[in-house]
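Presented below is the structure to which this report refers.
As written, the chains take the letters A, B, C and D, and residue 1 is the first residue of each chain.
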Amino acid sequence: MSFTHGQEGRGGMLRCVLTALAAMGLAAASLTDAGQDAAAQEGHPIVIANILDRSGGLNIYSLKQIQGVAMAVDEINKSGGLLGRPVEIRFYDSQSDNTLNAQYATNALLRDKADAIHGGITSSSREVMRPIVQRFGSLLFYNALYEGGVCDRRHVSTGMVPAQQLEALIPYVINEKGARKSYILAADYNYGHITAKWMKNIVEANGGEVVNIEFFPLDVTNFAPVLARIQEAAPDVVYSALVGGAHMGFYRQFESTVGKDNMLLASSTYGVGREQTELSPEEGRGIIIATSFVDGLDTPAAKSFVENFKAFSGEDDYVGEYGEYGYRGVMLWADAVRKAGDASPDAVIMALKSGEISFDGPGGLYSIDGKTNHTTMDIHIAVGNDKGSFDLLQSFSQQPPLDTQLVCDLHANPDDTTQYEPEVQ
Amino acid sequence: MAILTTVGLMAVPSFYDFAVQYDISKIFVLALLALSMSFLWGYVGILSLGQTAMFGLGGYVYAIVAMNSVDTATAALIGIVCPTLFSAVLGYFLIWGRIGDIYFSVITLAVTLILEKAIRATSGDRFVIGKVRLNGQNGIPGVPSLEIPWEAKATLFIDGVYYLTAAVLILVYVGLRLTLTTGFGQVLVGLRENRRRVELLGYDSRHYCLGAFVLAGAVAGLAGVLFAVWGNFVGPSLFDLDRAAQIVIWVIVGGRMTLAGPILGTALVVTLTTWLGTQGVGQVTLALGAMLTLFVLLFKKGLLPTLSELLSAVARWAASRRAAR
Amino acid sequence: MFEVVAIYAYQILFSISIFILISLGLAVIFGMMKVINLAHGEFIMLGALFCAQLAGAGVPLFLSIPLAGLIVGLVGIVGERLVIRYLYGRVLDTLLATWGMSLLIVGAVTTFFGPQTASTPQDLGNISLGTFSISVYSLLMILLAFALLAALYLVWRMTRAGLIVRTTMQNAAMAQALGIDTDRVFMLTFGFGAALAGLTGAILVPLFGASPTMGAFYIAKAFVTVIAGGPLPLTGTLAASSLFGMIDGAVAYLTTSVLGEISVLFVAILLLRFLPKGVTRGLKGRV
Amino acid sequence: MSAPILETRQLSKTFGGVKAIDRIDFSLAPGELRCLIGPNGAGKSTFFKMLTGQHRPDGGQVLLNGQDITAAAAHEIGRLGIGIKNQIPDVFDGLSVAENLTLAARFILPKAAAARKVAEVLARVQLEPMAGRLVGELAHGQRQWVEIAMVVAREPILVLLDEPSAGMSVEETARTAELIREINREATVVAVEHNMQFIRSIASRVTVFHRGRILVEENVDKALSDRRVRDVYLGRSAA
């Protein structure tokens, strides 16, 4: 058989490729290796990694947070740094791709020798990074609204969890607005499913009734079918735990079909992605939300934060909850480093365990619960106004992350790494 | 030389840290996926946009079996067998109907999108296989790495995964090259050159197309298993449109008519994407898009063939100079 | 009873009209010109974005919609001149190049306009059908979809320009010999297809909004529709849109939207398996 | 007279309203060497393509040794022993000459025998020096020979040659004629040709196609002197 053609010629190609690959590896390594080993010495900066989606479909939640993190670090450095050392951010754009979260978390810990990672927007990006943080003995600050239940001493949640938010929102809707008959719409992934369970549970506990629960994949834009079903069921209130850019269509289609004058609309997620800035006044007005921070909070801390943020970022638009989360996450971490007297992950984890880590921030006092590494905070009920922002209706002081506290005790089980799904019937 | 290169590659872990090994392992795994497509496209002339279906299936099956506390070697094996069988069934359905080329591409794409949507819709707690929640959109985290057979309870660490993926890539590459020299492989090459002539010579091209499709499915499934081992995670994005399109890019950038080209293409594009993400240059997609567009305009056949043409042109020029003297 | 039938009919027609709208531009660029345009979704997105921007700047909505289509048409022409025109006949290269263009557009839009969903309100209100009410705008959208398709059919069949385009796409060399400036025809046809996609985005924006990454939601559906339509791009698009819209509308209304989408893709596979040349194969006709 | 090796009954094919092949009855005795002639568009190539499963007939039958092969796929017909050289060289341009022939021979022979067969056929078409060259790099005439060689390497019982001498030099044409006579010792041959001199040098009997029908079927000299044949060729030199 004489199929020799090409093989002699191309035989070298594998060699070429492999050599090129190896060379690329060498180049990458030599570029980044220099001078990293001495990082822990006095006077050298404390490195934190920030892994968020600057590009890709999820960047709607990330862009303000990237600046929130940068602003917090900037403030810390301007006031003399931490433990006499400056803080340095290594930013990684995970491009809304979970596999990049894994890769960058590994790079941050092994190559940058970062003392903590701030980042992750979706639960899946967090779950990809958690085992890596575990493996290399580091610490992850997850600054986002999520479904709750992660019990892991190497993970700190600084955002809201469902019980916190819904224990304020739903009783308000039922008691103040008298809306008992409820219809629940949620995004079709873990957050939506767990939030919908809590919604149902709390609605029923407060004497309300749930007529239907529906889930929507994140790329659904056409809500005509569900709007017809909603009208058929004729509830008093529709609760939305819809997420992302595509789902914003719901708020428009709801207004043009049903109208908030005829039916109440309340949400656990609306406003988080700064949705109200892109809806018309009619479409945004009247949506009831529960949040730990909105720009319109009438406190000096909130006002100066919004002012500073706009000055720092050079952007004059609405800041919103996720921008503030980034800021709050870094400040809480900094408090833990100060109290530990050491930036290394294990020292910071010991400090977190004390339950004394807190930060008096733009949305009120945030304090980390030592048993769960989740954050207790003020929750504000607000309603969309026609200026692309929110009006405050009522504030609930210091709501604990009850759902996670029910299932997690890091004092008793320090090696736990489970994400519990709260037992809701 | 080839042995030297292999030895050189195998020596990388002794000189470079885990982060470098981790990045390169990912390239190795994705290069396998690119190989699975370029083998089909470059040699049989069928463009399957659905190799991600086999890739994702491999990853998911491995994750589910391994997390149901079967030993990981068995899980890996099942993770390869399932996508292979799936591609056999799918291939039979499509190839025996002698479906048109572009329809083949679209149907395979639709298959991977259906799998993606189906997996995304498994968020509720009803969707459990054995002990494993499918978790829909969120994917399955904490997928175990491969156990080391000769050490109880130990799993492959980053360097182990590096060795494994490097070895598998080299083996698959050599295996495919050898396949092409067999009688079966010769017919595949013939199909790429001139399908009608192959038929007129009496070969039933469907047997060979199906054979190649199943082989490519097995390679994609293997890549999926290794990807789960590498990232300890599987999610619906394994199946999605972005990844399906990216494979085409890797293969075209490297040049589809070779087997080595796609490996280089994968290495280049993946390295570039990863690197851009750390540069804080704003939108990675902007830079990537500009690069790809330019690439098509400047390199018609892909990087490797263009470079080798350039080299041989230079060689010819040098030879003619020498002859002139 | 009447209500229920009417709401069914509305769901299905609405769904069909979405399929028609998102496939129209592709029916021209891919169906006629054989350019695998992966930037189709981004053309739709640009139309939506420009329409929202124009309306936001005070231009009346119903003027913003055609203007946005026109601007996207110009964008398409620029893309054709800079990139696509070198690639006619190299089908797979068009795939790669337009994928590059699609990434480039997404990146550029995110850089200059931000990642947010943009939109513009419409104030047509709703009409009530017993317990149900239907947004007037969505009824208008259904009308527009069918009107656009009919207009396109007439242009292609009845006008000289349509004839010139069809001649050029079938045999460029012959058309050139007849004195047609084929280079110009390719450029304008591509621009026309892009303008149709932009128009679609502009029509959809008051209901669906515009975000930089929205193109990905539409691209696969549009390709499946045009390819399932077969060799007659317009008749085929109508036939495939009707079929898929009917399935999607009915299944999504009765069960969930995921099942609606999955059943569309599944039917598309069966269709292509058993009618591998698309639904209009064997039909007599020109477009 | 022995039973025909190939027979068509009322074979028909329409392309977009034009009857390319119109109810053709054709029959070929084993061992014969027949030429098909006729002006361009007479349906000769279409006829060949229907015999080899490349086009599906609209009506009628094709029988090979009495077996109905009308609906058989191209590869099945190939296996039954019909080999065809298409009008435009239909070879594997990206493979070497030897590889092209191996692909053909390996279908019927084990590895070693195939190698012998390839060497033998190479010698017959005098392409040994070219064995390692890419077919795509060869001259037009040589590519035609490669294709003929591929057909022969398959050891067919019936060989169809569509314009074997097209584009060849005078010497090449003569060589081709000799090659065809050689092939005819082992197989029945049908050739489509325009070159009348060439036809005279190989065939005794010709079939004249015109507008999808058989106009005349005669021995060469009679057919070429027939008035009707001259009429259909009018304005066209018999070259």
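Quick note on the criterion: a contact is a pair of C-beta atoms (placed from the backbone, for glycine too) under 8 Å apart; a residue touches a chain by one contact, two chains touch by 3 or more.
As the structure is a prediction and not an experimental result, all values here were calculated from the model.
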If a chain touches chain A and chain D alike, it appears here: B
Find the most central chain, measuring centrality by the gap between its CA centroid and the centroid of all protein CA atoms shown. B
Chain centre separation in whole Å, for chain C relative to chain A (CA means): 35
Whole-Å separation of chain centres (CA-atom averages), chain B against chain C: 32
Report, in whole Å, the distance between the mean C-alpha point of chain C and the mean C-alpha point of chain D. 49
Two or more other chains are touched by the chain C residues 107, 110, 216, 256, 258, 261
At least two partner chains per residue is the criterion; list those residues in chain B. 117, 120-121, 186, 189, 242, 282-285
Please set out, as single numbers or ranges, the residues of chain A touching at least two other chains. 1, 3, 55-56, 188, 215, 217
Spell out the part of chain C that touches chain A in their complex, as residue ranges. 7, 10-11, 14-15, 18, 107, 110, 114-126, 131-138, 206-209, 211, 213-214, 216-217, 249, 252-253, 256-258, 260-261
Mind listing the chain B positions that touch chain A in their complex? 1-2, 5-6, 8-9, 12, 15-20, 22-24, 26-27, 117, 120-121, 123-125, 135-139, 141-142, 158, 173, 177, 180-181, 185-186, 189, 227, 231-233, 235, 237, 242, 258, 260-261, 263-264, 267, 271, 273-278, 280, 282-285, 304, 308
In the complex, chain C touches chain B at residues 38, 83, 86-87, 90, 92-93, 95-97, 99-108, 110-111, 216, 219-220, 223-224, 227, 256, 258, 261-262, 265-266, 268-269, 272-274, 276-277
Write out the stretch or stretches of chain B touching chain C in their complex. 47, 93-94, 97-100, 102-103, 106-107, 109-111, 113-114, 117-118, 120-121, 241-242, 245, 248-249, 252, 282-297, 300
Give the list of chain A residues in touch with chain C in this complex. 55-57, 59-60, 63, 188, 214-217, 219-222, 224-226, 228-229, 231-232, 234, 245-246, 248-249, 252-253, 256-259, 274-275, 277-280, 282-283
